[in-house]
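Okay, so chain A shows up in both of these, paired with chain B first and chain C after.
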Partner chain A sequence: MRWRPGPIFIILALAGLLPLLDIFLPPKLQMCEAVRGVFLYAILALGLNVVTGYAGMLNLGIAAFMAVGAYAFGILTCEIYPFQLGFWPALALTIPIGAIAGFILGAPTLGLRGDYLAIVTLGFGEIIQDVLKNLEVVTKGTQGINPLPAPNFGGGEWTANDEYKWYYLFFVLLVVTVIAARNLERSRLGRAWFSIREDEIASRSMGIRVERIKLIAFATAAAIAAFAGGLSASVLSSTGEPSNYDFQISILALCIVIVGGIGSIAGVLVGSLVMVGLNSIVLVKATAWMAANGIGSQGNVLLSPNNWKFLIFGLALILAVRLKPNGLIPPRIQRAKQ
Partner chain B sequence: MLDFEVFTQQLITGLSNGMIIALIAIGYTMVYGIIELINFAHGDVFMLGAFLALTLLGALGMEAWGPSGQVFGVALMLIGSAVFCGGLNWSLDRLAYRSLRKSSKLSLLVSAIGCSFVCMNLGLFWGGAPMEVFSNGNSAAAPKHFPAIIPQINLLGDGFLRITPADLLVFTVTIPLMVGLTIMVKRTRLGRAMRAVAQDPTAASLMGIPVDRVIGATFFIGGALGGFASVIYSLYNNTIGFQMGTRAGLDAFTAAVLGGIGSLPGAVLGGLTIGCVRSMSDQYLETRWTNTIVFCILVLILIFRPNGLLGKTRKEKV
Partner chain C sequence: MSVLQAHGITVKFGGLIAVQDVHFTVKQGEIYAVIGPNGAGKTTLFNAVTGIYAPTEGHVEFNGHEIVEPLTRWVIFKFVCAFFAVGVFTVVGLNIETIWKAVIIDNYKFGQPFPWSVAATSWYSTIWSLPLVKNLLPLCVGGGIGVGAAAVSWSRGRSAPDHIARSGVARTFQNIRLFNELSLVQNVLVGMDYRMKTGFMSALFRLPMFYRERREFYESAVKLLEFIGLGDRAEQAAGSLPYGFRRRLEIARALAGKPTIILLDEPAAGMNPSEVVGLMALIRQVRESGITVVLIEHHMRLVMGVSDKILVLQYGRQIAEGTPAEIRVNPKIIEAYLGSEDHG
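And then the complex of A and B:
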């Protein structure tokens, strides 16, 4: 059989070659740093895709697990705490810590009607910010934990100037996540997830332990999100303040999955490019351009592109569900049905 | 102040806020009872109702009206917001939910979340309106002061306990609405049709019930109750903001689940409980932990009594 590159391979290959183009562009048009953000959200959304795409459970608080990962990374590495691990062991530990957090929240609530879970995760996403803010002793409140370490191979610890090193680190970790997600999708576990998504009662009668399989999906998603959180804390060298992990982040991840193609890895990658591109490239550039030209400085609410964010996300969700229920790149299983 | 008086005072505040939460919770519970959708946009519809009330208040200059004029003004805001929120909720159903009745529950929920965001953004824009009550369009995102046009006096004279006309307003508006709603659901044709559709939409449509119209009416009534709630919330708490829908929605949903989703008396009981828990937590713990406590209650009920205090056991539809 001849090998043909699939959509995932093509997207990743293009992303891997982007810096070659980037170094020839004038600094104003360079986009590696922005694309790095796309990679981070793609990792987060791949996590959400496990629980919402594969297992069909709506999770509205994925950012909370990102916060768990970021703070775990902070506490494990920062010099004011006793652990003081390096970058790699701490980043690796965010995965089991995220899984445990997901397990603790999921275990009591997963046996319930599916839509209750949406509310529980929404509530969790809201209160985790309160908890992080209120436990100042441990989390340093709104200051965030900093400074945090970066990887240090190839000549000393990286700084924010090592743009391309960070780019390829994110790229490699995204590729690892994609491979992991792809293998999960094709494993026995992945098939069980698809099965309960399509029909829970039928799956149960086929001998699938629905509660346990759901819990694994929930914890896996939490683990991947925590991993993304640890990574983002490292590149910023700070956990930032708790409100950095608010509902907007969860919804951005949800938009990526729904718009891109629910349950489809290639869809998540394209979705990240579209939604994050819109959110942190187009809107940010538009704001900067308008400020430079003196438009919207007089406080007119309609003239600040940032104020349109919720409207854009909301409409993206409504229209995606209505017009392209399977997303821009539908998953294999849906393509086969058509 | 004596301990007992502090406690009673907090109880009064809690019950008043609880009645408001209950009114919002009824909107959730009615819609969930009939089409099994958590209408995420409900909290934001409530928020827009409050913005409409503030706009009416500012545009008509109600602050300058005399005492009897202000009674009329409150009535005007109540009716205006109720019609507006009812209509808005009905339109959401018409535009964003109706075409998805046959799709998966997940799509419906996602669509509801999308509506919630659109409404929230409209609130942000509305907050930037060039009116004096909206600080002339400056700092659109900042919370807005809602003028207390009800006199802030103590009806109990000089005693330690305070019962204000605002407390009285809460109860005189909410109790008749709840009683009326219960009678409507139990006695009228529309109420019977609503219960029939909740039981089995297909069978109901075979019996000649216009299912879509009944669902639309449910959305309208639920939204209208949210509209009433928004006005009394604003008059009672005197601060509104475009993000208040999320918090109010979470509280009200917790109340609906606590009471047993789908049950009207349950929503009231749940609302009163959540209201009291909030005010007690504000007083005896710390305000900053109150939201966490409410969330813990939600999780605990879901673990130990998923059907709520007054809910009936019901199997998930296949």
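And then the complex of A and C:
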């Protein structure tokens, strides 16, 4: 059979070539730095996609695991703590730490279904913020932990000016996450996740150990989210304050998954381009353009597009559910059926 | 030899007695049918046998023993782990500020190397120098909660459907429960899942054994689909199949785990006459491959045509058991289905 590039491959190839386009664009229109945010949210949403898309368990607290990853990365690397690991070992350690956090939340909630699980995860997301805020001895409270190291490939540490290096680091890590998610999706485990989503009683009667499979989904999602958290802490050189990892982040990740296509990797990639792209590229550039031409003003909320983002997220969600309930790029089988 | 024995199964839902004191024995290689008017408790009986409902009274034996996970050393080890995991988590969680101060902050001078060995001992001594309500009590309370939770989930899972299915009891459902968004092959592969050995890591890193296992099981799944006559639709979504084929696919999915006994819940419901003939042939083929068949059915031609023994339920009680020839002439059964002449 002749190999044909799938949608995932096409999207990733285009993303990999984007810096070439940037070279020819005037500085005002360059977007590599903003696209990094798209990559970061794509990684986070791929994690959410494992638990919500594959296993069908609504998780409204994915940002909490991102916070766990960011703070784990901060504590493991920052100079004010004794551990002082480098970028790579610390980033690698965020994965098992996130998995353990997912396990701790997942184990007591396995009996819950649908809405109840969503409420518990929502609560967990809020609790984590409060814990991080109030545990000042360990987490420095609202100050955040900084400075944090950037990767180092021998040529000294990267700074914010090494835009293309950061771009390709995010890109490579996104590709790694995509491959991992895809490998899990197309395995015995992915099939078990789908079967639970479709019909829990039937899959139990086929000998699937539902609790175990659900727990693995939870832990995997948390691990990927924590990985994204560690990465974001590194690029910001700070964990930021705990309220950076609030409900809005979880909802944005959920919007990405729903708009892109629940359970579809390519969909998540496109979804994060649409949602985060709108948020941090289109609206930001539009605000800057309007300010430069004297149309907008900071004082007038309606005239600065930056303030429209929640309106647009909500609208995008309504449109997606109304017009394309399976998402922009539905999962494979659903595509085949249409 | 009996492969399935029910001893006095009773299932109550509140005040409603759905199944009352049902005894039956299914022998190796038999085709055993359960019939009865609607609402007689046939499906409830199946659900009690496969662990979806726990019977209020009575128990089920497969191959001479009950399917409950035994209390092995491994299970006790898990309980001990749960005790210490949750207990230590509680203690550390309660005292995290004290511990962190004593271990990290007091030992670490900025810019100087960290004395790991001192820190390693100070964390231990810090915890034990706390008052008992801050270390031993939380350890016991937290650990108790951990063991309690582990024990509850273990005792619930002891005779859960997944555990029974893994011991070789497969079933289909009256209202077809296929995985509609998965392809036919994947539906069958879900049925094979518990025979597979590769785990998370070999799937994530695509180790050679992953590919070997995938190829093996894929081939046998396609073979199974060919056996039930759906080989050419292997990659279609199960939801797109016509009704009669769905029933056959459900049987294939149940066969995929290589069970010793298969329970079919109204396999002929909604089938046309020619499909029923095909189904009868399929059921006989299944029996010839050495699998014992238990089926619920309303379609009398199928029941009388294939079964070796028939159990008749009415209002949750068993009113007769026997060969098709005996059942056919039993006045009680005629009464159950058609009503007695006295009442006119």
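Here is the rule we go by: the second predicted complex is superposed on the first by the 319 of 338 C-alpha atoms of A that agree within 3 Å, B and C clash if a C-alpha of one lies under 4 Å from a C-alpha of the other, contacts with A are read in each partner's own complex, and residues count from 1 in each chain.
Rule of thumb we're sticking to: a residue touches a chain if its C-beta (ideal position, glycine included) is under 8 Å from a C-beta of that chain, and two chains touch if they have at least 3 such contacts.
Nothing here was measured: the structure is a model prediction, and the numbers come from that model.
Under the clash rule set out above, the superposition-derived model of chain A with chain B and chain C shows the two partners fitting side by side.
Of the two partner chains, chain B is the only one touched by A:254; chain C is not.
When the shared chain is aligned, chain B and chain C each come close enough to touch A:201.
Residue contacts after overlaying the shared chain place A:157 against neither chain B nor chain C. In the overlay built on the shared chain, the residue A:137 is in contact with chain C alone; chain B does not reach it. Contact with chain B, but none with chain C, is seen for A:322 once the two complexes are overlaid on the shared chain. Once chain A of one complex is fitted onto chain A of the other, the partner contacts of A:116 are limited to chain B, with no touch recorded for chain C.
When both complexes are overlaid on chain A, the residue A:307 reaches chain B alone and has no touch with chain C.
Touch criterion met: A:108 reaches chain B and chain C at once. Once both complexes are placed on a shared chain A, the shortest Cα to Cα gap between chain B and chain C comes to 8 Å. Shared contact residues of chain A with chain B and chain C: 108, 201. Chain A meets chain B in the complex at residues 52, 56, 58, 60, 108-109, 112-116, 118-120, 122-124, 126-127, 130-131, 133-134, 201, 247, 251, 254, 258, 262, 299-302, 307-311, 313-318, 320-322, 325.
The part of chain A that touches chain C in the complex is made up of residues 79-82, 104, 107-108, 110, 135, 137-138, 180, 183-184, 187-192, 194-195, 198-199, 201-211, 216, 331, 333-334, 336-337.
Chain C makes touch with chain A in their complex at residues 50, 52, 89, 96-97, 100-101, 104-105, 107-108, 110, 114, 119, 149, 153, 157, 160-162, 165-166, 170-171, 173, 177-183, 186, 189-191, 193-194, 196, 198, 200, 203-206, 210, 214, 235-237, 239-240, 253-254, 256-257. Those residues of chain B that touch chain A in the shared complex are 36-38, 96, 99-100, 103-107, 109-111, 113-122, 124-125, 127-128, 137-141, 246-247, 250, 253-254, 257, 288-289, 291-292, 295, 298-299, 302-303, 306, 316, 318.
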